[in-house]
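Here chain A shows up in two complexes: once beside chain B, once beside chain C.
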Partner chain A sequence: MRLKSTLENYLFVSPAALIFLIFYIIPFIWVFQLGMYEWDGILPTKVFVGMGNFKEIIFEDKIWWNSMLNAGYITLIALTLQNALAFLLAWACDREIRMKNFYRLVFFIPPVLSEVVVGLVWQWILDGNYGLLNHWLIQLGLGNLARNWLSDPSSALTTVAIVHSWKGFGWGFLIFLAGLQTIPHELYEAARVDGANAWHCFRKITLPLMVPVAVLVGILTVLGTMQAFILIIAMTDGGPAYHTQVPVLRILASMRGSSRFGYACAQGISFGLILVVISFIQYRFSNKARQA
Partner chain B sequence: MKTAGYYKTKKAILNLFIHLFLISVAITCLLPLFWMVSSSLKTQETIFSDMSLIPKELHFANYILAWKEGGFGRYFLNSLFYTASVVVAIIFVASLAAYAFSRFRFPGKNILFFMFMAAMMIPIPGSFVPLYVLLSKLHLRDTALGYILCMVNVGLSTSIFLLKTFFDKLPRELEDAARIDGCSKFGIWWHMALPLAKPVLAVVVIFNALNVWNEYVLALIIFDNKNLMPLQRALMVFQGEFLTQYPLLMAGLTITALPIIIVYLLMQKYIVKGVTSGALFG
Partner chain C sequence: MAGWYPSKTFYPVTQDNEQGRMKRNSPVLASVFLLLLITAGCGQKITGKPSTSITVWHWMTDRDPAFQELAKRYESRTGVHVNFELYAPSDAYSQKVRAAAQGNNLPDIFGLLGEKRDFASFIKAGYILDLTPYMQDSGGAWQNGFFAKALAVNEFSPGNSYGVTPGIYGVPVDIMTIQMLYNRDLFKELGLNPDQPPQTFAEFLAIGKKIKEKKLQGFVSGWGEAWMIGCLANNYAFNIMGQDKVLATIKGDVPYTDPDWVRVLTLFKQMQDSGILSGGIVTMINKNAEQLFANGRAVFAFNGSWCVNVYKSMNPGLDYAAMLPPRASEKFPVSIWGGGGSSFMVNAKSKNKEEALEFLKWLTDRDQQAYLAQATMNPPANKYALNKISPILLQFADDMELATHPNAWGISESPQVLETFNKGIQSIIIGEKTPEEVAQETQKIKEREMARISR
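Up next is the complex of A and B:
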């Protein structure tokens, strides 16, 4: 009887467990295995190279580290501009009751769209010759600012970073807003009675209570933005001249372009490790900040 | 001595700036979509010269052209099929597992659940590489089944988490009563747990639908056959082939984005709930 009951229990989880085993666990193991081979993905023979791929990544692959810096730059813009904007908007909406639902609705539209749609629409808007942005700049008399936003090496990466922030601020906005709304109004009222002004309220009540939320948003932002690549495929495909390359795009290139499956896996492992370390540092740093 | 009027004016000015701030951000959110639709209604001759927000003539024929000759009708149906299949599959697979995790005891339960949760939080960059190899070995490359199974896996951990959290909060009296009445475990799950889980299931459905409809990478590495491609992948292929046919491309983009926006507007409540409850828990 007990055996039958236990078997029934397993039956409940078996579809999920099976799919998980085949499509997550096995590939997960393979990533580590393949990372030590040189393989083109087609031939039945793989060449064992041990740590060779990793050595190449660390010492020789300049484009890889460049792409890492690019991703870091985009992430920096996201951490600062995007999240500051998200917080300001959340703070503004928290006080402003009337149109709050409308803004909440509108601000989350960019996140809901796909990267491909966002990338292609913005690419059209940012077009050097026929794009809307340059047209308006010229109309406003700011024609000297008009440029080939996505094909000019000096502006491509920043442009991509800004579009990425445009797409992403809605997430932070929602989370910040939810966090702000958990702060009980009585705290503010009590502070007012004690003579505090708006700035005091913000510094002593709002800010400290929002630190955990800010940390969460920060970690999510870093993890998400460092791995961004589809938007970049749609906008610049890593160009011009590798100026908007990012790590995951390099992994794709190793697999589909150079047909080096083992190397691609090694890149994936390296990147994963770096992300884990960064998250860990962020987490520890945030604990220290929380105690301060 | 600062009068009450001083503070009132100060507050009014501050409110004005806040409103301006909010409105301008809202405009930047909506303007690109507006421009997308506006461009889709222009002709190939006027697209490079007509910079008006609302074109004088609305060239709806672009949509028919995109749907038929452009192939977007086919891609739309593909996306619809994949989305529906994955959502239905996940509802069953995830709710069965989540219910078991919540209600049953069996050896290995905690380890298995932990693995699901770990998978949700540990990103493996480039996981599509071994996935490609796996699908090749299973002869599932360039097949709808392969794509659907992969996408089911993608949404599994989060869906199980959402459902298990819900089931944990569900009081057991109803189920106990049913079990005493002789109802089987499957019966309780099907007749009681699932119907009661409708609000959470709504969140699960929407999240997965959004993910599948917007997905690109797996479609990129799995599909070579254009006839099987979903919208996102097809858009990039289209853009590569028809470089300057912007009105058609914009029509294709609108076809792709419109269902998402409609679903979002209708189900916004659930999406917000899902994001904030998941994030605040983490």
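Up next is the complex of A and C:
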């Protein structure tokens, strides 16, 4: 009876396991295998180079590591600015304010827009010659701040990061709002009866209970931002020079520009492993924070 | 036929009746469905009327209506159905062709995007038919109709560095050159003679001051896509050191730190310092550059002959002309990038090779080439179809003699080296690096790549 039940369980799980095997595990192994070859993606013959591609990535490819730093910077902005904005707006919308449903809708518009469209619209707004932003700055008497936002190496990456945050804060907003709505109102009422003010309620009730949600948003932000590239292609294509290059753009450059499919696969595997390590660290760190 | 069905009088429509009828009919319906399923896709066998159909894959959105029209004309003439399938954008198309090659699913005719190295890999893998015997058939009638430089990009010469059997492997359907353009109205506004564009680099730079004074945009181009920077840099490399030295550099015999290469890089610094370059040019995509020029906001542009169609659609009244890049040296002539614009290849494994070849011969014949040129505003690959194109297109086509292209050199530079060089020029323009630094970095990558390839 017990064996039958176990077999039944395996039978029910097997379709999902099979799909996971075919679409995730096998491609991963295949990509890893390709990462050990020098291959142009066209010729039927591949040259085995062992861990040569991985060595090149680690020890010689400075642009790759520079792109990792750029992605890290954008992620940092997203983790702080984007998520702080998302949390504040979610907190505001969770309170009894007028037109809160309208605000909820408006805040969720950027994430559902096409990244290419958003990139092109922002490129137009930020254009150094005829852009709206510079026009407004000049109108406001702040002409000294006007610049080629996307072509100036001192502002290009930050500008891209801010646009990315604008595009992405709606997801965090939605998850934070759902999290805030799960906090029982009785807790706040009891706290007020005990003489707690708004700040105390926020610090002692809202913040601690939102830690698991913040962890989830944090992990999703890191994974989503590190892999961002469509918006960047549309806005700068990784330029000027290498100032807004990110890892996925480098993988694309290896595959399309250099026809080095094997190297691109090795970059993909390396990048995937880095993301797994970051997520793992983040998870452990958040567990400790929660326990504390 | 109406009387064949049982009337409502005999079979009143009730839910029970309907369900019962459905139950009774379900095996019949299932059988019919199964039969339809089995016979689906066998239409031609049933009708017993075989017809040849050839499939062409391409990425040229702007040329698709003209291709479809020509396919109709060809079918009405020969009975051969030509199915033009458009896959855009070009990046997606490129990936599709590679994936199809891996799966042995390439169509009868297809275009290739990418570098000569990729082209060579497709040939070596047996995906592309050698067209030389067909081109040279009947005293070379087909071959002789083309501009020699249009064919050159599809040709592999004896002793080529790719290890490909010498021959012609592609059919150009149009030609292109990449040149400088200037707005004649803005020239007048600047007090310049619109019939006398700058001939030397010094004259060109001097216009920068006037442009600054008038607060106009100077020179625009899609330099956010770094290959276009490389294109102008190559023009000047040929002008300053000549083709032999450029090719010697690619072979690794001359370093990028050579004073001539540093001089090429310095030209970009001079352009930036003179104020002739439009602000934000290093991240400008070509579409934006085209808009700026078409709207009469920029004095100069650097663009390919495809721009004629683009400018016409954006601003039909735009008064502009093409010019060669102003020469920086008297030592060698200025070269421009050009040759075959778009080409088609025949799948060597296709069952319809002969039909595909016949269609391509017809497509590149004078009348069809003239139609394509008029409909798509791209100069024709057939030199006998030139008399029917617009004067501005003729300006582009006229300079074919000065055209060169990396795909016609028989050797190609490593993509990593090209990227470092082109991105380095962006760094020079934004004031981040000096020409010497970029030359050194490029040479370093060149040495690394040469060592990697030799391994």
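The rule is short, and it goes like this: the second predicted complex is superposed on the first by the 264 of 292 C-alpha atoms of A that agree within 3 Å, B and C clash if a C-alpha of one lies under 4 Å from a C-alpha of the other, contacts with A are read in each partner's own complex, and residues count from 1 in each chain.
In the analysis below, a residue touches a chain if its C-beta (ideal position, glycine included) is under 8 Å from a C-beta of that chain, and two chains touch if they have at least 3 such contacts.
It should be emphasised that the depicted structure is a prediction, and the values quoted were computed from it without experimental measurement.
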| item | value |
| --- | --- |
| Fit-or-clash call for chain B and chain C when the two complexes are aligned on chain A | clash |
| Partner chain in contact with A:Ala17 - chain B first, chain C second, else both or neither | first |
| Which superposed partner A:Leu76 touches (first chain B, second chain C, both, neither) | neither |
| Partner chain(s) touched by A:Gly41 [first = chain B, second = chain C, both, neither] | both |
| Partner chain(s) touched by A:Gly239 [first = chain B, second = chain C, both, neither] | second |
| Partner chain in contact with A:Ala84 - chain B first, chain C second, else both or neither | neither |
| Superposition-derived comparison: chain B or chain C, residues of chain A touched | B |
| Superposition clash, chain C against chain B - the stretch among 41-49, 95-103, 149-157 or 437-445 that is involved | 95-103 |
| Chain C-contacting residues of chain A that also contact chain B | 41, 129-130, 256 |
| Footprint of chain A on chain B - complex, ascending | 15, 18-19, 21-22, 25-26, 28-30, 32-33, 35-36, 39, 47-48, 51, 92-94, 96-97, 99-101, 104-107, 109, 112, 115-116, 119, 122-134, 136, 149-150, 152-153, 156, 160, 185-186, 189, 210, 213-217, 221, 232, 235-236, 239, 246, 249-250, 253, 256-257, 260-261, 264-265, 268, 271-272, 275-276, 279-280, 282 |
| Residue ranges of chain C touching chain A (in the complex, touch as defined) | 91, 94-95, 98, 101-102, 114-115, 117-118, 121-122, 124-125, 217, 224-226, 278-285, 288, 292, 297, 414-416, 419, 423-424, 426-427, 429-430, 432, 448, 452 |
| Touching residues on chain A, where the partner in the complex is chain C | 40-44, 56, 60, 123, 127-130, 148, 150-153, 156, 235-237, 239-242, 253, 256-259 |
| Contacting residues of chain A [partner chain B, same complex] | 6, 8-10, 12-13, 15-17, 19-20, 22-28, 30-31, 34, 41, 85, 88-89, 92-93, 95-96, 99, 102-110, 112-118, 120-122, 124-125, 129-130, 132, 135, 166, 171, 174-175, 178-179, 182, 213, 216, 220, 223, 227, 230, 233-234, 247-248, 251-252, 255-256, 261, 264-265, 267-268, 271-272, 275-276 |
